[in-house]
Each structure stands twice: as structure tokens, then as C-alpha cells.
Amino acid sequence: MLSVKNLSVQFPTDDGMVAALNGMDLQLHRGETVGLVGESGSGKSVTSQAIMGLFKETRAKISGEITFEGTDLLALSEDRMRTFRGKKIGMIFQDPLSAMHPFYTVGSQIAEAYRVHNKVSRKAAKQVAIDMLARVGIPDPKKRVDNYPHEFSGGMRQRAMIAMALVCEPELLIADEPTTALDVTVQAQILDLISELQAETNSAVIFVTHDLGVVAQLCQRVVVMYGGQCVEQASVREIFTAPSHPYTRGLMASMPHLSGEDDRLTPIPGSPPALLDLPSGCIFADRCEFAALVPDNRCQNERPQLLVTGEHAARCHGHEMSLLPKTIKVGA
Amino acid sequence: MTATASTPTTAKPVATGRSLLATAWMRIRRSRIAMASLAVVVGMVLFAILAPVLVAIEGQDPNTTNTTPEVLDNFYTPGLPLPQYMYPSAEHWLGVEPGLGRDLFARLAYGARVSLVIALLATLVSVVLGTILGAAAGYFGGKVDMVISRIMDLFLAFPHLLLVLSIAPILQSRLAGTALGSGSFVPIASLVIVLGFFGWAYLARVVRGQVLTIRQQEFIDAAQSYGTSHRSMIFKQVIPNVTGVVLVYATMMIPTNITAEAALSFLGVGVKDPTPSWGQMLNAAQAGNWYLSDPWFLAVPSIALIITVLAFNLLGDALRDALDPKSSR
Amino acid sequence: MIGFLFRRLGAMLILLLVVSFITFTLFQFGPADPAAASCGQECTPERVEQARIALGLDKPFFVQYLAFLSGLVGPRMLGAPGAEQVCAWPCLGKSFQTNENVTDMIANALPYTVSLTVGAVVLWTVVGVGMGLFAALRKGKLADRLIVGAASFGVSLPIPVTGLVLLLVFVGTLGWLPFTTNAIRSPFGEAGFFGWTTNYLLAWIALAVLFSAQYVRITRNNMIETFSEDFMRTARAKGLSRGTIVFKHGVRAGITPIVTMLGLDLGAMLGGAVLTEQIFSVPGLGFTAVRAATSGDLPVTMAITMLAAFFIILFNVIVDVSYAFIDPRVRVN
Amino acid sequence: MNTPLLEVSELRKHFPIKGAFGRTVGAVKAVDSVSFTLQRGTTLGLVGESGCGKSTTGKVLMRLLDPTSGSIKLDGEEISTFKGKELNAFRRRVQMVFQNPASSLNPRASIGAAIAAPLIEQGIKPPGGVKAKVRDLMDRVGLRPEHANRFPHEFSGGQRQRIGIARALALDPDVVICDEPVSALDVSVQAQVVNLLKDIQRDTGISYIFIAHDLAVVKHMADEVAVMYLGKIMEQGSNEQIFADPQHPYTRALLSAVPSVELDAALTERIRLGGDLPSPSNPPSGCVFRTRCPAYALLPETDRARCADQVPTGEVACHFPSAPLAAVAAHR
Amino acid sequence: MKMRATKMLAAAAVVAFGLTACGGGGAAKAPSAGQGDPYAPVIVEQGFSEKGGTVNVLMSSDFATLDPGNSNYVQTANVGQLYYRTLTMAKETAGQPPEIVPDLATDTGQVSEDGLTWTFTLKDGLKYEDGSPITAQDVKYGVERTYARDVYTQAPQELNSALSHDDYKGPYKGGDFKAIETPDEKTIIFHLKQPFAEFPALVSRSNTAPVPEAKDTKQDYTNHPVSSGPYKIKSYDRGRELVLERNDQWDPATDPNRPALPDEFRFSLSTSQSTISQKLISDADPNAITLDSNGALQASDAASLNDEKISARTAGGFLGCIDTLNLNTETISDPEIRKAIALSIDRSAIQVQYGGARFGQLVNSQLTEKMVGLTEQVSDLDPTGKPKLDEAKALLEGKDVPKELVYGYANSTERYKNIGTVLQQNLKELGITLELRPIPAANYYTTLAGDGMPDIARAGWCGGADSSSARMTVDPNLGPSLDGKTYGFSNIPRFYDEELSKRMYELRGATGTAEELGAQWSDVYNEVMATYPLIPTIHSYTNSVVGSNIRNAQVGYFFGAIDLNTVGVEQ
């Protein structure tokens, strides 16, 4: 349904162009939930916003290809893109308080989202909003429809945000770190809600997060991002049982687990790369414990390609040359 | 429209090896407008400092009148400089003024001294008052804040120009014959006091706001946690962090004060003839509607004023952009 | 809300009282002796003394101040002992210079200041906010840079310069417009709307050049900031049209600081645009105040200072209240 | 056991709510009757969701805030009433590591100066001089001593947290209060800091109060754990006890809400909390958790009355710790 | 004897609020309009006598007062001719000092043998605007009011200081005034302290305007003074507009002095001077005139006066005022140093500051040739105003010359400040540094009279009510105090010379013909001036452009502006 190929996004800054995304690839099928995982600056949010066409008419430079149901989204004009936004692709954001307009009632904002794509009266749209609020589990929706976002609690706001994104029943929902700002107990509610709604509507979901646990709970497939690239892509089970990329492995190892034994964590040395001045070789090479295993300094000099084996893809010379140790420590 | 401001900056590169001021300076140096403004500002300051030298080179004097019929018309429009004296010439680089026939270049140069000295000193007074009071209000909070804030409200609620207008003559009469001197120095001193004293409240409010934000920051808690004294808290932790804001506001305040001097002198309560200042020159241009028959007389101080104010404003803008971590360009 | 208003008005009264007290005190140190001024060249010390008594200046400072305050509460007696006259409420005293009732003087001057303010405010708001918004929408493009450059230039133009240049060009040289006359106070008089407009046009423009430039800057900056808010991204993500996004979501949210600034400027302007009134000889409050201040006419200066402070504070309150209409978050608190 | 290093009992911190005309119309009970002890060389984990009062507790312990009532004893000495010189001397013994790497360092001071500041303010002259001590501290936390002249913005988040730790260690304190020291960091970096803190404890025998919302991190760090909710401690106990056998319904809900990377997570008990956090200025009577307690609804009338009337006390602040919980999400 | 002219004060007051009229200048060239004598009076369209029409009077500020009992202002005196009458009247003829003619009274007064009692008789048929008769008691009451100085701070005092019983406190506190008797409704008798030959001129002042006691509203009388003249107040909106209409109770038969041509006068108050001059020059309002000083002309407007069409509409004439630079004889006590200062000053440059020759003539004496009995005046000052530096320096040889002097000026007037700038430069040649000290305009003369008198100060003297009498200039300016022991109060240079001051003191009471007295005063003046207590500079000449329908526009010698009494309008 959605195919992202070799997508690159660059932003101009004081110090030159920042490559926020460097050849991103992503495939998504109908009804599927894909987790986009990575640390800050890995390009996961940029990817989701690029798909939504939010960089159109900005100073960002975009190249590559985004095809949605056969339409090249990048080639679309802003006006044509509008017919996709909200209608076919819905989006929810990390911080619902700032993502909702503070001066309009929650109901009117949901109704507005509906009325853009459906010719209905104000009254009917409001009823749709009330129904939608009920559907996302907001108690007393008839009353709450006239509340302002600041009168909602954080969890309720995120529910309302979801209602807004789903009011036109889009085929694709992009959730950009929707639970990061929430407490765990509320996060659990929201995750439940998203999976329930997805089950009801059978829409595809791109779930952007930095939390592998959330991915494990919600997604079927995972895309691991690092330095603006997709470094590994596989089903959840594959990722957690047999990660191919040293970064994914490191990420697993450095995560504290609730059920794990109380011993030392194994961090990834160093820090994430500066997007301003990316190395010409593998972006992860300077933090990679296996880079030394690959001959000819390939990791330093040559950027690895995404190697697809079946449903599993990884961007690593070591993996490509089968140089990585087989035994890996898995969180479970 | 950008919906992206947050995205790229989150991955701020590590260890670039530049201090904040160095970054600011780099940004300023990169902007042609900022550099041009800086050049004009420096040039104007040099112009003011070197006024006696320049005027000596020209061979004129700011106070020598020349009302002979060879210089000033005495028939058609009595007092109007004859064309060869009205406009720039080798003898009078910017011509002479109508009525008294004094050299315009000399008056402009000496006027620059007066105008800039007033603006800079008044700004200094405001900045010192504003920073200290604002920082004290923000840092100590409670009753101190209450008292200082109410005073700030009062100052901000006062119709400034009206009050300054009423106070300037009072100050001038009170200052005359005191240690602050006599003659031309009195109006200058009184303008510095009046403008300085009325300019601090806004800066204090800004500083207070900044300090309140800084107080929320954890390094203040941290400093408190190892027992930092109030003194070093204010001077080592708080004030260094408002210097950027203060610097920007000071740069913005200078043109405001230059304009204020011009306004007050224009209204006749500021610098008075024979002491030249740009405002006094504007006043002279309006007197007797001279500007209608001798527009050049209006143009000389106006252009100097506009160029200087514009340069300071642009420099202030550039400085603000350069010191603002949020600015994206 | 009512409680809030009540408190703000109370604070306003206190502030006005302080303003009046400070102004009153300042004038005790003034260079001009009003008693001497009121009897001119023929003054003998004895006449100055009589004038002092007639003006009530012989009384102790606080008695004078309280007498002044009493005029704000009810009618008050003015004049030499034995020849007092009633000064009707609200009594702000009589001018030391012309013996005119200050309340009447202000009532006379106010229409001019209002005329000046109304036109200028409309002009600069339309031009400033419009261009600022346009520049924000064209951020980084040529139009934006031109507008920003013009605005930087505009804020650097002192009113005396703009005013005199406008007079020089449009009145002196081209003769397209007349010098301002005091015969026109409002668009409802004999001169009509057209006469009123042509009379004040240059003064409006002089003010608008400076203020528009400021409004362009604040509008542009605010709008750019607003446009980068998360909820604007949400609005785009909903698929709303550009117009809806810009006006319904962007302008509505970004307008608050502009309303604040407008309110404060309006308040300040109503107190008298001193320079503009002086340059264009508009006999409004500012014009009157300059005369009074330079000649030590205490009652007039005090009254206008207080009125100006009143307007500033009043519009502060109005701005605060208007927040509640703009921003629902304020409404609850 | 000898006297605990730190003994806190009945600690309260209420923030007054000012109404019109400066009258106090109520109080936010941020910390309400909290008691715990900390043994030398151990770590006490203080865990809970946002607004539970864990950070306020830390600040009161640090005496950045004055307690409303209650006692704090350090080595048996009552320190909650210290003022002036005494307080200053106390500060040498207790130090703090802060949450936000961006704001916990003065941007205008070099990191060398930041680390030296406690020594200078306390007037301590270490044997080899301040510079040597700073160098030593930087070395200890894994920073290169030659970077002492650099400014905070030149360091990554993880490095800045190290600087903060070095600063806290400068006075050789007995206790370091770590207020969410890793929550702002990426997973891979987080592990570095967690390990560093553990190493320091191992080397110096220092004690930590470790405040966090992330249960997994607490599990890795703490010997003892206290779970807070709405200003009160719901449950405290040893690490093993809390994570292996939680008694309080809130602890259990919290644990079950954490998304797990275990792919068989569905098998574990899933407890979902409904509703929103009550206002700390107007907490429920009796048991503060009762309004969201999954067990409460299932309790018989008399038991519910007890929950509403009596404040539960003890290691497990629950009247019915063993009550069966509603297994299904209660959020509708 | 306290004798102070009003015009000076009036000029100061007007200028204080007027814009800085006139700053430019030019030298010897005369106005082009006048053939021959450049300072001859110019009357626009003389000889017009048609009644009717409206005259629009443009003014930059409101009248300070319309109350005749509280007026020391020329503008009030000018408009006052239209709505109040006095015992005698100073009737203006262009270019001439005013002529004292009977007005309410049948003649200019009968003096007693000892010169201490003057008797006037009212004409028949005199009525107020409400039709009630004007009585001698009303005239007396009008004078009485002017003694209530606590109420009427601007009351003219020339007459009062000549009358006996000058401790009188006014009608509100002092009861009946013994110095004036009114034996019947028509007769009014004044008792004087000393003989006063020019008494008929004193009763031409507004003090003797009748005020009906029943209509006296004290300070508020200014809002509607009861008319005894040809016009009455139709409406008065302070600061904005005053309209005068015909008073149908006025009987022209009783009043040969007032042609009263227009039906209505409409005063636009506080139009800016720029607007006024622009309107007048462009003839935007053909019925317009102005009362502002210098015809509201701005320095840059001078050029337009060279246009023949405009100069044809420009009334011109001297006004009585002569400006002087007063040297403080107490601080600069050596007459030779004063003379050196006087000789060093470039008065032609000062003339430029007045707008050049067109706006004022350089004079070497305060006494004008119009004065009765004038003897020859000698002066070492250069008639073209050029400095005589060598002579001045020679005078200072071996003297203890002051290093620093102070020049004080009224802060509202650009021109006076500019004069200081000229002086500064001139005195530099003598090695004297001059400080320019602004003095608040409103307090200017009080400051000069008090401790604040600087070393040099400008002043204007307008010759008093009877400007044809040398005494009216010499005595107040340079005369001694009432007891003859010190300088008089309006004696700005603080001149006192035992011999000369005694002579002036004695001359006050002297009797003789006007010519004899005039000659004696001008002789004294000549001797006083040899010590240079003051330096005469400019005799101002007013140019006032009027609208093209305006007729009979003459510049009043006393008013320094268009005389409202004679003006008419073509319909």
C-alpha cells in the first residue's frame, strides 16, 4: 500500500545542510502495523512527516519516492496532497496539548477534520464528533465535545487526537510517538485503544517510537532507524530473537528489563552521529564493536546497502558478509 | 510555512568547539547587513570622537556665525544661505545653516558627540538599573519582587514622553549650578538622567522574566544544593545568563534613546542651541519653517539620525538572532 | 471575571493616585513659578504674593494636594479668598496661564487627539498587520525580504523627520494637502469625512510609518512562530485548505500579542501623541501638554498626565479582558 | 542493624494555593506523610508516575525546599530544621544529580568551573588543589580532563549527565539524590549512565536515592524500592519483593502497564487503570488510590467504606492487598 | 512712580506662546513695496466705507482674557475696541503714535489747578448691549475691580499707580474707592497722588471700561464681558472660536471714532501659524486677517512678500516696540566696559535674526522721531549696526574686563536665543565668554526684576499708552524708584546715577507744555545713554498679509497687528 524508496530529507541550517534522512526505505501493507524505532535524531519523525507531505512548501530538500496506493505523493501538488491528508492518511502527534488548537473546542476540531472531506452540516459533523469521542472512550462525550483541549487530561487529549485522526477513517494512520509524553499507565490505555481501533477499521499503522517494548506489544513489523537510515527491517519476532544489525543488538542489550536479572547493562559506546557531517562509510561504524571484523576498513569507507533476505533486511557489511557472531543475547 | 522547526535541531551536534559568543560572532560576521550596520555604528562613533579633528581639517567651527550678505541672502528670503553656501562645498563640507550661517558639518560632527553620548550614557544608566533591579526581583521573589514589580508597573503606566517633557526642564533648573556643572552640560546631564531613569523598567521586566525562567532551571537548584551564596548566585549564576538579553536590549535601547534625545531637543526641552545635537538641529530646521525653503538643512541631521538609528536597530536584530538558539537560518 | 475586573479597577485607582501624587510633587520643584508667571512683567513682590494666594499656592503641599483630589470627588471652590467660584465636578483646577477650567480644556483637546488616534490606528493596523502577515506567508522570499527591510527602515524613522519631510513634500512642495487646521475636530462636522481625512492624513501617515513598521515586525514574527506551532502541523495533517489554516488557525492564535500591543499603543496614543501633534499643530492633549509643561502650568500638566496614565491603564485592563474573549484558557482562570 | 544513614519519617510538603487577595485557600499536598530509611552503601528507588511527589521528596531531602512537617535524620541528626551555616555544612554530605542535561549546567560556565564550584563555594581546598580534584573527578566519570575548559553545549546529553555526576561527587557526599538522571537520555546512553552510577557506588560505598518513573531502570539500580502515588508511598520493599511479588494493586498495575519486550507478554496479568489522576489539592479521602483501584469496584460495600474512611498504612499501604484485581482494562 | 507700559508685557506674552515666528534676516535692503521711505506705513485699500460682511480673524492662540479689568494684552486691547469703550481712546492712525481722543467722555478731561484732580463727563445716550444706561458709577466700578489684584492678576496698573489711595483692595474687600468720586451718573472725578500731564492717555486704558456691578462674574467675566461698544459677543468657545456680532444698542452718534464696518467678526483661535501664513499668502480665505505678531509670517515666508500681488495685500507699519539689550549695571558697573560691549556687538547680525530690514529698523535710540519735543540724539553706535571693534578694544585697555558673562533669554523664542549666539561670538573678540541661559518665558520679566537678572538680557519696550511722550519710555526704563533713591522697578539695566536719576525724579512732577517736557526727558535720556545701560537694537516693523476682500487694513502702532477698529470687508 505504501512504499518509501530511497527517501532523503535535508534541512538548511547555519552550518550547512543537515541530512535528517539518508535513503530511507519502507514498505507497508494494508492492515499492518509497523513500528518505526530509533533514538532521537534517527529520522523516524522526519519519515512520518515526509509521508504526510508536511515538508511541502518548506525549505527542506526532499528526494526519493513515496508511493501510496500507486500515487507518487512527492509529485503531488499541495492541493492534491490535501485530499490525502486526513482523508486517506491520518496522523497523531506526540504532544496532544500543543498539537490541538488551544482556542477551539475539541469537538469543533474533530468536526472540522470531518467537514473538510465530507459535505455535511455543522450539526451533523458535531454528531460525528460526539460519536467519535465515544468511540475513543471519552466518558460523557456530549458534554466533553464542547470542552477545550486544556480542559482535558493528557490521556483524554491523546484520545481526542486519535478521534480527530480517525474521524475520516483513513487507510493509514501515522502515530508519531503518541505515548512518549504519557505515564505508563495511561500509555497502556492508549496502546490498547490503538490496537482495538485498528482491529475495527483494519487500517494500516505506522507507529513511531523509541521504546522497543511498545513495539513488541503493538507491531507486527519493525523498522529500526539510525542516523537517518533504516538499518534493519523485520518482523517483531525476528527482531527480538535474531537481530541482524549490530545497532539493533546493542539497543537490545542496553535496555534494562523488568524481568531480566539484576546485572550490568551493556551500553553502546559513544553517542549518536551528528547529522551535519555524516561519515562516508557506515554511519554506525564508529560505535560498532564488529566493525573491526570487516576487512579493508569497508565499514569506514563504504556505506552498506540494505540487504533483504526474505522478510528481513539489514544494512550492515558484517551481516552481509556473515561476519557477525551468531549467538546474541536477547532480552527475553 | 514551516512545520518542522523542532525536527532537525534536536540532533544538535556534539563538541563543535565554539562558545556561544563565538557562535554569535560567527553568525554576525556571516550576515552582510549586520556587518554593514556594525561598520556604520563604529564609523559614527569614530566620527563623534574625531569631531574636533575633522572639523579642524575642514577649517570651521560649530559656533561661528556668519550672517554677512555674502553668505546669507538678505533680500529675497532673509537669512537663507546663498546657493553656494547652502549645499556642500570645499569650504563648508555640508553647507551652512540658515539664520546664523554656522557651518553644518561642524555642527553635525559635534552634534554626533552630544547625541551619542546622551544615548550611550542613558542606556548605561537604564541597563545597570534594569539589570540589577530586574535580577533582584526575579531572583529573590516574594516581597522584593512585589515592590520592584509595582514600581515597574508604575513606570510603565506613566505617559513617558509627557513626563520626561515635564521633568527635563525641572531637572535642568535644579542641576544648574550644582556639581553637575553649568552651561551646555546641564541639559546633557539632565537628558541622561531622565532617559536613563525612565528606560530601565522595560528592561527590568524582561530581565525579571528571564531570571524567573533561569531560576526554574536545574543548575540553580544545583548551585543551591552545594550552598552557593546569594551573591555568587546572582553574579555568577544568574547575571551571566542574562547578558545576552541585556546586550540585545541595550543595543535596541541606544537607537531609542538617540530618537528620544532628538524628540526632546526637537520639542525644545532637551539640548539647546548653541550646543549642537541632532535633535537640536531638527528643532532649528523646523523653527521658522526653514525646512520648507532649505530642505537640505532638514536633510543633514535627518540622514545622520536615520542612518545611525537604522544601523543600531539592524545590529540589535542581528545580535538577537545570533544569540537566539531558536533562530534557524 | 467580575472579581478580576474589580481588582484591576481598584489597582488602577491606586496607580492613578500615585501618578497624580508624583506629578504633583515633581512640580513643586519646577523652574517656573506659576504665581510670578501669572502676573507677568508688571510684577511686584506683593503682586506675586497675591497671585500666589489666588492660585492657592500659599497653602502647605498636602493641603494643596488634598484640595486637588477633592475636585475629583465633587465640586470644589477655586480662586482668591473672598472671590471664590465653584468649579463643577470633575474639577481638575484652572489653568495658571489662562484661568481656563482644565476640564473644559481637556474636553476641547480630546476630539483632536481622538481624531488623530483613530485614523492612525486604523491605518497602521491595516497596513502593519496585513503586510506582516503577507511577509510571514512569504517567509524567506523576495517579498518578505523587501517588507522586512522596509520595516527595519520604518522603525528607524523618527517622527520629527517623517513629519517634516511629509510636510515639506506634500504641503510645501507639491501643495497637495493643506497645513492642518484646528477647525476640524471630527468627521461629523462641517468639513465632512473628506475634509477630516485630508486634514489629518499626513499626521496619520507620519505615525503609521513608524507604527506600521513595528506591527509588521511583530506580526511577522508572531505569525512565523505560530505557523511553526504543532497545531498548525495538525491543521495541515487534517487536510485543511491553506486559507483555513492561515486565517482560522494561524491568525486566530497569533493575534494575541498584536492585540496586546494595539491596546497599549492605543492607550498611549489617546494620552496625546506629543510629537505628531506638535509637528502638525493638532491642538490635542499632547500639544496642550507641551505648552503647559514648558510654562509650568501645573493643573493642566497634571490633568493630562493623569488622563494619559488613565488611558494606558484602562487599555491594559481592556487588553486583559479581551484575552478572555480570544483565549479560552484565560477564561477559566 | 546500626542507625540508617538517612531516616525520613512523616515527611510532608504542602504548597499553599493562593486565592484572591493573597489568601491561602488550600494546599497541593505534593508529599504527604512519607517515611523511609536509607542504609549506607545502598540505593533506594523512588518510583511513580508524574505528579506523584517523588521529585518534590528529593528536593525536600536536599533541602532545596523546606518541609512542611516531618523529620529527616542524617546519621541520626535531625536536618530538617537546619538553617544558615548548619545547612551549608549539611550540603557537603548530601548532593544531587538532576534530570535535565540541558538545564542542569550553567551554560555560561565551563564544565571545569561547574565541577569546581561546590568546592569553591564550600571553601574546600583539596590536597592536590582544586584543579587536580576536578581532573580526578572528570576522569572518574569518564570524561577527558583536558576538556575542562569546554562549555556544556559542546557535550552530548550523556556527557552532561556525567558532568553533573562529577559535580555531585566533588564534595565526597554520603548520599547522592539522583532525580530522574537518565530519563532524558536515549536508551543506549542511558545504560552508560546507569552503569557509571553503579560503578561509583561499588567503588566508594556511596548511597543513592534514585528517583525515576521507569520501573526497569529502578529495578537495575535500587536495593530498596518505594512506589509513590499522589504524594504517598503505596508500597515499599526490597527490589526482589516489589518486582517479583508486588502487593499493592497500584504497584501491580504499574508493573503490568510497562510494555514488555517479552513477546509472550500477553500471558502475564494485565491490569489497566481507568480514569485520571485526582487533583493533589483535593485528594480522595481514605485511600488515595481508591478512585482508580481496579480492586475497589469489586469490593463489598463495607470494605469500600473502609477504603474511603481510613488511610492505609504500613509497608503496603492497602487495606486489601490480596484482593483480586479486575483483569480487564477498566478504562471504559 | 510705578509706570509700566503694557505693550511690552503683551508682546512677551504673545511670543511666549506663538511659534518662533520669524528667524531669518537680511540687511539694509528695504521692503520693496514702500517707495522712498522703506518704513512708511502701508494701508491696504484705504478709504473704504461700506458696511457689512464678515471678517475672519485667524489666531494661533486664544485671547488670554476678554475681561477689560484683567487685561494687559495688546490683542485684548485690539479686540476690546469692538466691545468696550473707555473714557478716552487711543485712536490708531497707520504709522503714527495713537491719538488720544474722547470716547465715553465728552472731552479728554478737565484738570484742576494743582494738577491733582481730573474730571470727566459722560456723553448722553450711552447704553450697554442689554439697553441699560452706562453710568459714571459703572466706570468707577470698572476701575475699582482692577485693584482686586488677587482676582485679576493681569489688571493694568498704570492708571492705578497714578491715583491716590493706592492701598485700596478692590470692591470685594475694600468697599468704596476714595480716589474716584461720582457725584452724579455723568460725572467722574479722579484724585491723583502727583500731577500727571499725560493723564488723558492713562484713562484710555481698559481700566476705565464700564462694568455693571450686577453683571460682574469675577474671573468668569472674561467669558462674556458686557458690551458697551459696537459689537457684542455672540458665541465664545474657548480655545476654538469667538464670534462678535453687531450691538444694536450702540449708538454711532456717540462714537465718531469707530467706523464699525463689518457685520460680524469671526475669530478662529489656535490655528497654527504655519496654517495662518499659508492661508493668507495663498488667499485661501479672502476675508481673513490675523492678529498674530509679525502677521504670523514664518522666516521662510519672507520670499513671498516680494510677489507684487501679495505685497499689494500686505499692510505694513511700525509698532511702538523697540528692542534693547540691557546690560546689568550692577554687575558691569564700569560705563566704559559697557560701551566697549555695545560697540563690539554686530547689530546688523541681530537684525538678520528679526527677519532682516523688512521686519525691523536698526535704531540707536529708544526715542522715535514721532515723539513730541524730541531733541537730537547722539550715539557712538554705528548706524549700520556694524561693530567698532578697534574702538571697543581701545576702551578696555588696562581695564579689569570680566572673563565670563551670562546672557538670559526667554526660552520660548528661537530668535532671542539666536541673538545670544551672535553676542557670544562678538564678545569672544573682547575675550569674554558668554553663557546662554534660557529662562522660562512665563517668568522672564520677573526673573529680570529679581535676583536672576543676568549680565545681558533682551527686552522690548513699546512706549506705553501715549507713545508720543518721551517720558513714557524714559522714565519706566531708566528712571529711579518712587522715592528716587534706587532704580525703578521696570528699570531692567538697574540704572541709577545720583545726579541723572534725581533729575528724572524731579521731571515727573514738572509742568509745562508737551514739547517742553519732551525736550527735557530726551535730554536726560541722551545723558543716561552715554553710560550705555542698554543698547537699542531694532524698531520692529510688522508686515501683515490680508485676504483680498479686506479693506482699510492698517497696522496699529500700539497693536502691532491689523487694527480691528478700522478694518472693513468688500462683499
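First chain written, first letter: the chains are A, B, C, D and E, and each begins at residue 1.
Everything below uses one rule, namely that contacts are C-beta pairs under 8 Å (C-beta built on N, C-alpha and C of every residue); 3 or more make two chains touch, one makes a residue touch a chain.
Keep in mind that this is a model prediction, so the values were computed, not measured.
Common neighbours of subunit B and subunit E, by the contact definition above: C. Think of each touching pair as a link: the shortest run of links from subunit D to subunit E has 2 of them. Contact count check for B-C and A-C (C-beta pairs in contact): higher for B-C.
In whole angstrom, the spacing between the mean C-alpha positions of subunit A and subunit C is 54.
Rounded to whole angstrom units, the spacing between the C-alpha centres of subunit C and subunit D is 55.
Here the spacing of subunit C and subunit E, counted between their Cα centres, is 40 Å. Distance between subunit A and subunit D, defined via averaged C-alpha coordinates, is recorded as 31 Å.
Multi-chain contact residues of subunit D (touching two or more other chains) are listed as 156, 159. Looking at subunit C, residues 31-32, 233, 236, 294 sit in touch with two or more other chains.
For subunit B, the set of residues touching two or more other chains reads 1-4, 14, 169, 268, 292. Those residues of subunit D whose C-beta lies close enough to touch subunit A in the complex are 49-50, 156-159, 186-192, 194-195, 198, 213-217, 219-220, 239, 243, 253-265, 272-274, 276-277, 329, 331-332. By the touch criterion given at the top, residues 49, 52, 54, 59, 78, 82-87, 90-91, 93, 95, 98-103, 112-113, 116-117, 148, 150-151, 164-165 of subunit A touch subunit C in their complex. The residues of subunit D lying in touch with subunit B in their complex are 59, 62, 64, 87-88, 91-92, 94-96, 98-100, 103-109, 114, 117-118, 121-122, 150-151, 153-156, 159, 164, 167, 170-171. Contacts from subunit B toward subunit E in the complex involve residues 63-65, 67, 69, 72-80, 98-100, 102, 169, 176, 182-183, 268, 272-274, 284, 287-290, 292-294. Listed in rising order, the residues of subunit B touching subunit C in the complex are 1-5, 153-154, 157-159, 161-163, 165-167, 169-170, 172-174, 255, 259, 262-263, 266-269, 279, 282, 285-286, 291-292, 295, 298, 302, 305-306, 309-310, 313-314, 317.
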